[in-house]
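The following blocks contain the structures, represented as structure tokens.
Each of the two complexes below includes chain A, the first together with chain B, the second together with chain C.
Let's turn to the complex of A and B:
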């Protein structure tokens, strides 16, 4: 399966929740069926300066659709991110003397929403919140019948254009920045990276609208 | 269904290891393997040869006391298998105990695990070795007989076993169960001791004594 994750633009004069409601109604009207709720959350781990001379920062992303896995993404070099079994979380709690989670910030980054299914097509639409403050609407479009990205780029564009307010004429920035994943087997880590890019821009205080 | 519940359901993972260790000289290896084959039967997975590459990492900062040791393991024989990350907690030290009991965190990981440990978490590699031998399973108990080998690196990142580090084979009898004895109707300690008893004249299995 391959997935594209993009921010869903909220029309002016509407709240993010209203935009999500409108999108849900549109998807249901198009024949999608409501499936399980989903949640993607991201926690930042920062090393304490007295414990490590060179500061290390990494992010742990959990996805309720991949409940046995966790994804670890270093802040600096994202090419060495790994997918690990959930038991890795037990080890991270052992490192609590060395790494502190999200210092100075209240709460986590998370996307919570609903899954919609139509045959091979799956749309996850959810609200992105940072420390309890709603930041926007995120949609993940998943094509379940294909594993090689390059064979489905045009199909993905067309698929997303059916529910996005403006036609989807570009690929998400993460995918265009990594040409080597186009022809390879698509792994869930690439989906998580796309979420991570969105999370990183929210942390940096940038607006979500650009793709 | 609440997505939180789905995530929480996977937090309960067997994490208590009960183990006994011993060693056997190369001259007696055949006798031991013969005994194990008889004990464990002909089921697939028994007397299975293995060759695992171990990389041992620790935190190098002097401020982290005690240092954290972890290891990354991969199979050399089947390269499509994932890497494994392993962390052992300190042993529950009671003098009366017959077997080693300690926490183990074992997680399958993608191939960039060593790089992540070094660059992402700031660990340093201490040493590496290859354990080459055979594994057996008797019920829930896993028995491995293996010899430590030096590693020889080749040009294309492949690793091979070079000469052996000693003339003897390590024998490990272990089982991993859920923590919290309230749910344990069975007795893992007893199972381990039973297997050890069956191997007695050939190999004398002892509890790991950290103080020694």
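Let's turn to the complex of A and C:
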């Protein structure tokens, strides 16, 4: 179930929606089958200054492909991120006096798109929007039959080169920054971290770097 | 002697059945037949007594041998004691034989076969009669049928035991003092039937594990399914091998690392060996593995064939990390190089393998 999450470089003169449509058509032409739509949301929780002297921030990420889980990633130290049950959201709503979230989902990041299946591969392509503003196209490529990253690095590069406009030379930045996960059993939390990596750069105002 | 002992054992198994049958039949038959049956019952009891005497004689024979061995008798003393015991045993067996020889003719003279064929079928009830009448008529039939069924099952069991005991009795008949017994070459020794085959297979795998660096194995001995070895290849996928005898691979299935076979004893779910994998690459691998089992199969050298097959499985650890030898790519229509050459263990895609075969 190893996944690589990368931004898709939108060509000059095209909108992000058009780029997504082109990618979808390319995948369907290569023999992929359309599957269910998907959505990955990221909500930020900030501690209230009167409750905590030092401000604490954490992010809650929900993935429609893991409907029974929610993922909590702190802002400062990402090594203590948590995979929790969905009922954690109910628990967080009870902490509204301590942690507040931006009203009306204005500060939320969201990736919404379509899943495509081919043999043991799964490609998810969606539009990334921040507070309702479209920021880019995100592609997630998953090899469902393998759980060890290091055994399939070259294979994944070759696979992504079949639909990405530019060949993949390196692994996603999150994976290269954490060499210990290369040899470990892959978990869905690593995929969520890759999404978070992209969300953090968008929140910081950096543009999505194309590969 | 073995054939007499065999027959005596079968008669011993039959005795309770025959006694039951005679009692059951006695309820319904005429007086003359009843008298004949009574006589037969007496004969059977005499046979039973003779068999008991024979049993005692056999035990004496065994005791004599053990005593001779334990107390270090000289050869002459031991020979005399054994000769006495053997003579005693032989006379008992002859007695049993004589008594038993009369039984089949007396049984057939009763005309039991014709009597039984004239019995009403099981479950039949008379119609148009009062309840008291039918009940009185039905109950003797019921006890007769129950006894008949018991007799039949005892007879069948007796026949089965005799066929198992005969080879062992023929072995003990040849046993001599002070020398190891010469077993019949084609028959398995009794203790070999119950040998711990899984321990032997475990030892074979441990020996070969040094050269198979990517395999982690576990041997399971399941009463219903035999010996199953589960290999985990480099944590990527699992292989389940069903082994027959010591080293013959009977079947193989390959599934992903997250698809459990549930072979551990504490797993509550049922063991699932043969469901194909949910991933296409492992379904193709399972087919190739079955082909490899047949390729490496060698009836005269099972350990060598197992070793070759395990080396082949070991080479599959580079399933996702080695490109195809022929085309140089990792993927061919979505699948990695799933076949390994049987001699050089080089990686090929399914399509590239066919082309290599046809061009070389």
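The rule is simple: the second predicted complex is superposed on the first by the 204 of 211 C-alpha atoms of A that agree within 3 Å, B and C clash if a C-alpha of one lies under 4 Å from a C-alpha of the other, contacts with A are read in each partner's own complex, and residues count from 1 in each chain.
Quick note on the criterion: a contact is a pair of C-beta atoms (placed from the backbone, for glycine too) under 8 Å apart; a residue touches a chain by one contact, two chains touch by 3 or more.
Note that this is a predicted model, so its numbers are computed, not measured.
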After the chain A overlay, clash or fit between chain B and chain C?
-> fit
Chosen between chain B and chain C, the partner touching more chain A residues is B
Examine A:120 and indicate which partner it touches, taking first as chain B and second as chain C; both and neither are also allowed.
-> second
Figure out whether A:90 sits in contact with chain B (first) or chain C (second), or with both, or with neither.
-> first
Is A:185 contacted by the first partner chain B, the second partner chain C, both or neither?
-> second
Write the angle, vertex at the C-alpha centre of chain A, between the C-alpha centres of chain B and chain C, to the nearest 10 degrees.
-> 60
After superposition on the shared chain, which partner residues are touched by A:72: those of chain B (first), chain C (second), both, or neither?
-> first
Partner chain(s) touched by A:53 [first = chain B, second = chain C, both, neither] | first
Contacts of A:177 with chain B and chain C, given as first, second, both or neither = neither
By how many Å are the closest C-alpha atoms of chain B and chain C apart after the superposition?
-> 10
On chain A, what residues does chain B touch that chain C touches as well?
-> none
Of all residues in chain B, those that touch chain A in their complex = 1-4, 6-7, 9-11, 13, 15, 59, 61, 63-64, 68, 70, 85, 87, 89, 105-110, 112-113, 115-116, 119-122
In the complex, the residues of chain A that touch chain B are 36-39, 47, 50-54, 56, 58, 62, 64, 67-68, 72, 74, 76-77, 79-91, 94-95, 97-98, 112, 189
Residue numbers on chain A that touch chain C, as the complex places them = 1, 118-121, 143-148, 151-155, 158-159, 162, 185
Can you list the residues on chain C that touch chain A in the complex?
-> 234-237, 256-258, 279-282, 318-321, 323, 329-331, 333-336
